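As written, the chains take the letters A, B, C, D, E and F, and residue 1 is the first residue of each chain.
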Amino acid sequence: RPEHKGNQMKLVTAIIKPFKLEEVRSALTDLGLQGMTVTEVKGYGRQKGHTEIYRGAEYAVSFLPKVKIEVVVPEGTVDKAVEAIVRTARTGQIGDGKIFVSPIEHAVRVRTGETDDSAI
Amino acid sequence: RPEHKGNQMKLVTAIIKPFKLEEVRSALTDLGLQGMTVTEVKGYGRQKGHTEIYRGAEYAVSFLPKVKIEVVVPEGTVDKAVEAIVRTARTGQIGDGKIFVSPIEHAVRVRTGETDDSAI
Amino acid sequence: RPEHKGNQMKLVTAIIKPFKLEEVRSALTDLGLQGMTVTEVKGYGRQKGHTEIYRGAEYAVSFLPKVKIEVVVPEGTVDKAVEAIVRTARTGQIGDGKIFVSPIEHAVRVRTGETDDSAI
Amino acid sequence: MSLGTSRRIATLAVTAFMLCLAAASAFAQTPAPPTPNKGDVAWMLTASVLVLLMTVPGLALFYGGLVRTKNMLSMLMQVFFVVCLVCIIWVLYGYSLAFSEGGSLNAYVGGLSKAFLAGVTPESTAETFTDGAVIPEYVYICFQMTFACITPALIVGAMAERMKFSALVLFIPLWVTFVYFPIAHMVWYWAGPGATVGAAKTLAAATGDAKAAAQAAMDAVTANAGLAFGWGALDFAGGTVVHINSGIAGLMGALLVGRRVGYGKEAMPPHSLTMTLVGAALLWVGWFGFNAGSALEASGTAALAMINTFVATAAAALAWMLAEKVAKGKPSLLGGASGAVAGLVAVTPAAGFAGPMGAIVLGIVAGFVCMFFCSAIKNALGYDDALDVFGVHCIGGIIGALGTGILAAPILGGTGVFDYTTGKVGDYDMAAQFITQAKAVCLTLIWSGVGSFILFSIVKMVVGLRPGTDQEREGLDLVDHGERAYNY
Amino acid sequence: MSLGTSRRIATLAVTAFMLCLAAASAFAQTPAPPTPNKGDVAWMLTASVLVLLMTVPGLALFYGGLVRTKNMLSMLMQVFFVVCLVCIIWVLYGYSLAFSEGGSLNAYVGGLSKAFLAGVTPESTAETFTDGAVIPEYVYICFQMTFACITPALIVGAMAERMKFSALVLFIPLWVTFVYFPIAHMVWYWAGPGATVGAAKTLAAATGDAKAAAQAAMDAVTANAGLAFGWGALDFAGGTVVHINSGIAGLMGALLVGRRVGYGKEAMPPHSLTMTLVGAALLWVGWFGFNAGSALEASGTAALAMINTFVATAAAALAWMLAEKVAKGKPSLLGGASGAVAGLVAVTPAAGFAGPMGAIVLGIVAGFVCMFFCSAIKNALGYDDALDVFGVHCIGGIIGALGTGILAAPILGGTGVFDYTTGKVGDYDMAAQFITQAKAVCLTLIWSGVGSFILFSIVKMVVGLRPGTDQEREGLDLVDHGERAYNY
Amino acid sequence: MSLGTSRRIATLAVTAFMLCLAAASAFAQTPAPPTPNKGDVAWMLTASVLVLLMTVPGLALFYGGLVRTKNMLSMLMQVFFVVCLVCIIWVLYGYSLAFSEGGSLNAYVGGLSKAFLAGVTPESTAETFTDGAVIPEYVYICFQMTFACITPALIVGAMAERMKFSALVLFIPLWVTFVYFPIAHMVWYWAGPGATVGAAKTLAAATGDAKAAAQAAMDAVTANAGLAFGWGALDFAGGTVVHINSGIAGLMGALLVGRRVGYGKEAMPPHSLTMTLVGAALLWVGWFGFNAGSALEASGTAALAMINTFVATAAAALAWMLAEKVAKGKPSLLGGASGAVAGLVAVTPAAGFAGPMGAIVLGIVAGFVCMFFCSAIKNALGYDDALDVFGVHCIGGIIGALGTGILAAPILGGTGVFDYTTGKVGDYDMAAQFITQAKAVCLTLIWSGVGSFILFSIVKMVVGLRPGTDQEREGLDLVDHGERAYNY
């Protein structure tokens, strides 16, 4: 399997507030990104959680509902994608989330077997 | 921590249609892959969603239920794994999903502390 | 976009038994890691599943509930983080889970736009 | 010889016997106080339980299923809380304000003579609509209590997902005191069959000088009634008192509290139509207590109310689904459930007056009109009546109240109106009755609309109606109650 | 002096009085029409409500919990829709076809004399099984309506997760018209106790020439009954009419619609056994209306039916769980719930005939046999009766129908069969009764089996039974209704 | 002339008639056996159904919602199984042990004369609390059966999430046999109104030598009662028999089975407060059968019990929520639901004795005290009564039992105690009654506490109480039943 050096892709992972999903999605679509995968996650961070009380039992809940967006993009689009996410997901309050970029070496579209850039 | 150059592992991430999970799992098992991690996700892509109507309110739902399989494999098994997934997950219709391959630098089995190849 | 070579980050992904989450979380917090993202996943591995019977239908369920912790850490903290997870998540029984380390090239805090080390 | 037979023969025997007896007339003049028929008691106990079932868990689930997960618990809590609070208020002074004689304010509200249920014992009885048939007063209090509980509970749906719990805590006691109890009194309070029949008989028997006195007595009896009752407005089980009343109050609340954050932009699908269907089904089941129980007897009229409550509901559900199929391509469960509730609302005032075929027609009309209202008109107007309290309860209630004026006509299979003074069903003047119905509708719309607006405004000033935007986003479950509905 | 006492004394007094009276005989010859006992009315109103509760939400949840999430809403919708549709059909012509005199077709189906409930008023009464005891006809119509609603709703479970909604919309009216109403007529229609007792008395009193005429009148009365009723088949609350009938129809549907995509390959676990348990519990609760209500009176027989409905259900649930423990190692909740339903089905025809110990035996047999059928036999045969409508309702119904023939025997603690001509329980011929029961079972199996097969085939030709494979994979909720059951 | 009127007149007529009649006295001496009033039958049939509704699905959901997802199904299963098992045991020998004469052990337990319901037919009747008013014995058996079912079902909440199913299978038959049936007998068994009134009349009429014999007969009748009944302890609907009994048994179970793995360390939030609220609402709804049904008649007393069951519940729910608001800052739904149950428990023994205002006070006290107990005290003591069976049912039951002694006082709006020997309400000695109540509470605490401890210990030795730690972590649903409650 050849390394597609000239054809690098990156995985942009964004952890955001759930109600921002729709806005982020449409911003990414506007960039021409036609696909993404979304997962409901629980986040722990600076944003403080809350306390729940059930009869005598009190629980400090430190995990908050977040949404994780994973979008694989050609190397050249990474910055635009990150910028679009930052712009739309930001509320300015603690807990807005993070964006991580990591390398993808290979991509395949299951339906057609197309690979790499043409797969995403 | 030494870089285990001769011992590279890759993470194969496949996003597929949920009802294909069982087939893909058994194809991977047949390759001798003894572990994988599965997440329920929502996918956005070329496959069109549907409209839901609740009394006066109409919502275009663009996210569709997908399943994400993550399997960490030794470098040498990547191609076989990808091939097996493509073969079993394919229906030939839009929305069959994607496979992404990315590098893993290090792996540990929690129970034993074994690392890398012997951890997976 | 410059490559922040001197500023490497890693993604530590741990798949563990759900009831160990709280212990692991506090061990990581003790290391000074202030954030992490958690996903409920289903794991397949050596740990055997169970059989469910619904009237005449028997299903062998091979996936077990696990929790996936993703924490992005500065390169220098990886070993400590891995060690902390292994220590707290271990029960010594099959199914304790895995830890995978993979590279992160870039990180952004949505709220402030801070990047890399200062984003996490 | 079965019981029924023996009693029948006893009746005949006694009739014969009485004719032989010289002192027979003595009986009529000093009758023993009527005692309840245990069949009536059994039914009214059951009916009271059914109306509670209709509210919790029925209404709570119907509403709860329609909100988003993060507000589910708050919805359940609000309905449950309202029920508990109004139960207590009812026995403290609500029953008295609604169903006792109100002195100079009698046209509008009752007095305090029965506050704390003063004087009520297990032996006390309340009259039904049949002269001589009574039920234990405690049963009557329970039955009417459940009505007082569900009415304000209906309102909360309009402000769902965004009204603070503390606002509700303040609003509810004010609202039942200044809106519900008066309207219940205006529509349902009267002197009862015993007094009416008695006065009518005395008047009929009176001659000479006694005539004027008897007439005056008769007039006093007739005047001893709430405003709308005095007009002759028909409301079998609460179309005005319960549904129009809560529907217009809900609209006021929705307007004053404002739209939900994200309304029209974010998707807000019902988090569990399963719960909504369970709720709708329990509303239907419980509504038989509501409607057939409003006969106050286990009688043919109760049976009529029951069958009407079956068919109007079914017809409205089918109509709504059909309209959806035509307008949107697919019939939906939420449509069916909403239609069922619209049908139930519409048949409420008509249940004991219309015939089954009339009830079907009423249901169809309610299904179509409410469906149209909750999609086209509501969207056009743009207010956020979250769970369509206005579109279903107020609109459905108006359809029912006006429809009752038409369908009660014997010529349309209705029962007509029983005239206690003559002891038989009177002639039916459809136009006049329709106008009377319309007057009662307007009275309710105005009293409750204005009253609710004022009360919501007061609450807004005192504690505020809404949580902060962030809190609203987090959801009322955590913000108001520190709990989550689900921890799967 | 309590009411009960006074009435008792009244009865005695009147008896004495009548002996003194010369004209006493006049009473018996021109009896006033019987009026309902309000205790009976109260119970029958309640029973009708309970049977609705059993269907929605009961059956809807029982079935809904068993399907996969993506078909939950469609399951609820189908049950709810069937109930609404049949309610309306019932008052339009169903009641008439089932329970009016059918002229030349009277053995098979009723006529149209009561279409649109012509002539029924709040004062109309329907006879019970006791001479002279009547209930308002509207209550009787309501009660029987709920039976007509639940029977077709039971069928939909067999084709769950893969039958188009449009197919159902077409199938249901056809099925109730050509299968349910005729079978209800055949099994339950008769001249009633009044006519029977009257004719018998006249016959007994007749002498000379009058004898032949009286005998002819008696014969006419006896002949005025549905086919199976005429045979003397016992079906207290609907073992044949409701359960065998729907069970065999379900099997036909399952065969004609075919297996679900992925059946036997993909896991299809129930998406919420919680909802299934709630449904099963509400079925049990509601079934008391079904069974004890079928006594039509608030009597000792109703009480017998109630206790049998308690113990047969409990015994069958325990039996199924025990069988699972033995065969599969673990007792399951789904097993318990399924057993409960099997026991309810089996006790339905026997409820007012068997004694409690007999009911326990019946429950145990039903639990074991249905469990065996729904696992071993069904898997061997390979058809996809998704929710085991055949295995539970048809098999359980057959066990019950035949078991009734045995357990009704007074020697086994049963009540025997009341003979209206002699006014007492007759001698019991177990073999003969068993054969009669078997005949009624066969009649139902054939009529409904053949009829349902034909009707499903017609629907298949007209609109088709199934959605496309992709649509089936997506789930009927979105495809047929554009909604999802849950949006957590 | 309405039925009610005719009966009234009949009564009067007969009274007059009797005076004329020489042989009148003959009537009183050979009265026909009383037959049930159908109104009573209708209500008691309904009440029995309501108590089942309260248990499944009510209690099952209330408990089920409070456990974690992985134990939901086991919770439902345990409650459902207990109901089924006890149904069968009840008709085999339970009813007989509880409600038949027990010979030399009569103070503690009944005999076996009614085992297998020997001799009971649809015509058999059971007495109510009114002389001459009877209901079919089958109804009485059903009604009491539902009490026997729910009581052991309440216990399982204390050991929730960690008791093996097999342990339950063994424990339940032992517990009902050695604890429930005896306590029910001790508290509720007596000779009945007929015998009491009869003996009292004979005694009153007796002169000379007959006096001593009549007194002896009177004494025998009075002595023919369970221990606590003989003391004069009041327990209208089961404060001691059901709630204190199950509550203390639950505590014993919780102590013997030990704390859940992770208790106090891991979060164990209720997996679905939605289900808990549904359960609580159905408990409330069903409890009307429980409490108002315990009047055994459709009477004013039943109505009193009903209104008390409304207001005490509402008051306790509000009190618990208020206490939470004050102590923790937010009123919660779980608090409201818990308070409602505490109120229901507390009003159970008082339902037919206290007045509505007294019931409100009782509810408030129960709400505050149980809330305090379930948070502060329980945490301080550190035992793991998972679903607060002790804190709500035992503590609430004690509050109710003692409160009944106070609130039954006519001076506080209570009914006092009817004295069958004099035929009227007797003088009320509050201090004496309070002590008697306390004695009955102690009797129950000791008998059930010691008995349950022994039985749990036996079960622990025979099959063990707990699964392994890993199994407990995996959850009882999969381990005990091989199923999951949800497969979304």
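In the analysis below, contacts are C-beta pairs under 8 Å (C-beta built on N, C-alpha and C of every residue); 3 or more make two chains touch, one makes a residue touch a chain.
Everything numeric here is computed off the predicted structure, so don't read it as measured data.
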item	value
Interface numbering overlap (same over half, different under half) for chain D and chain E	different
Option reproducing the contacts of A-D, where over half of them reappear, out of C-E, B-E or A-F	B-E
Between chain E and its twin chain F, rotation from the CA superposition, multiple of 5 degrees	120
Pair exhibiting more inter-chain C-beta contacts, C-F or B-C	B-C
Chain C and chain D, separation of their C-alpha mean positions in angstrom	57
Cα-centroid distance, chain A relative to chain C, in whole angstrom	16
Shared interface positions of chain A, touching two or more other chains	39, 52-54, 93, 102-103
Multi-partner residues of chain F (each touching 2 or more other chains)	3, 7, 10-11, 14, 17, 35, 37-40, 42-43, 46, 267, 269-270, 298, 328, 330, 332, 334, 482-484, 486, 488
Which pairs of chains touch, using the document's own definition	A-B, A-C, A-D, A-F, B-C, B-D, B-E, C-E, C-F, D-E, D-F, E-F
Complex contact set, residues of chain B against chain A	10, 14-16, 39-46, 62-63, 66, 68, 78-79, 82, 85-86, 89-103
Contact set on chain E toward chain D in their complex	3, 7, 10-11, 14, 17-18, 21, 23, 27, 31-32, 34-43, 45-46, 48-49, 52-53, 56-57, 60-61, 64, 72-73, 76-77, 80-81, 83-85, 87-88, 91, 116-117, 121-124, 130-134, 136-139, 141-142, 145, 165, 275, 298, 480-488
Chain E residues touching chain C - in the complex, by the definition given at the top	267-270, 324, 328, 330, 332, 334-335, 338, 374-376, 378-379, 388
Sites on chain C touched by chain F in the complex	19, 22, 50-54, 93
Chain D residues touching chain E - in the complex, by the definition given at the top	1-10, 12-14, 16-17, 35, 37-40, 42-43, 46, 50, 68-69, 269-274, 277-278, 281-282, 284-285, 288-289, 292, 297-304, 306-307, 310-311, 313-315, 317-318, 321, 328-334, 336-337, 340, 355-357, 360, 415, 486, 488
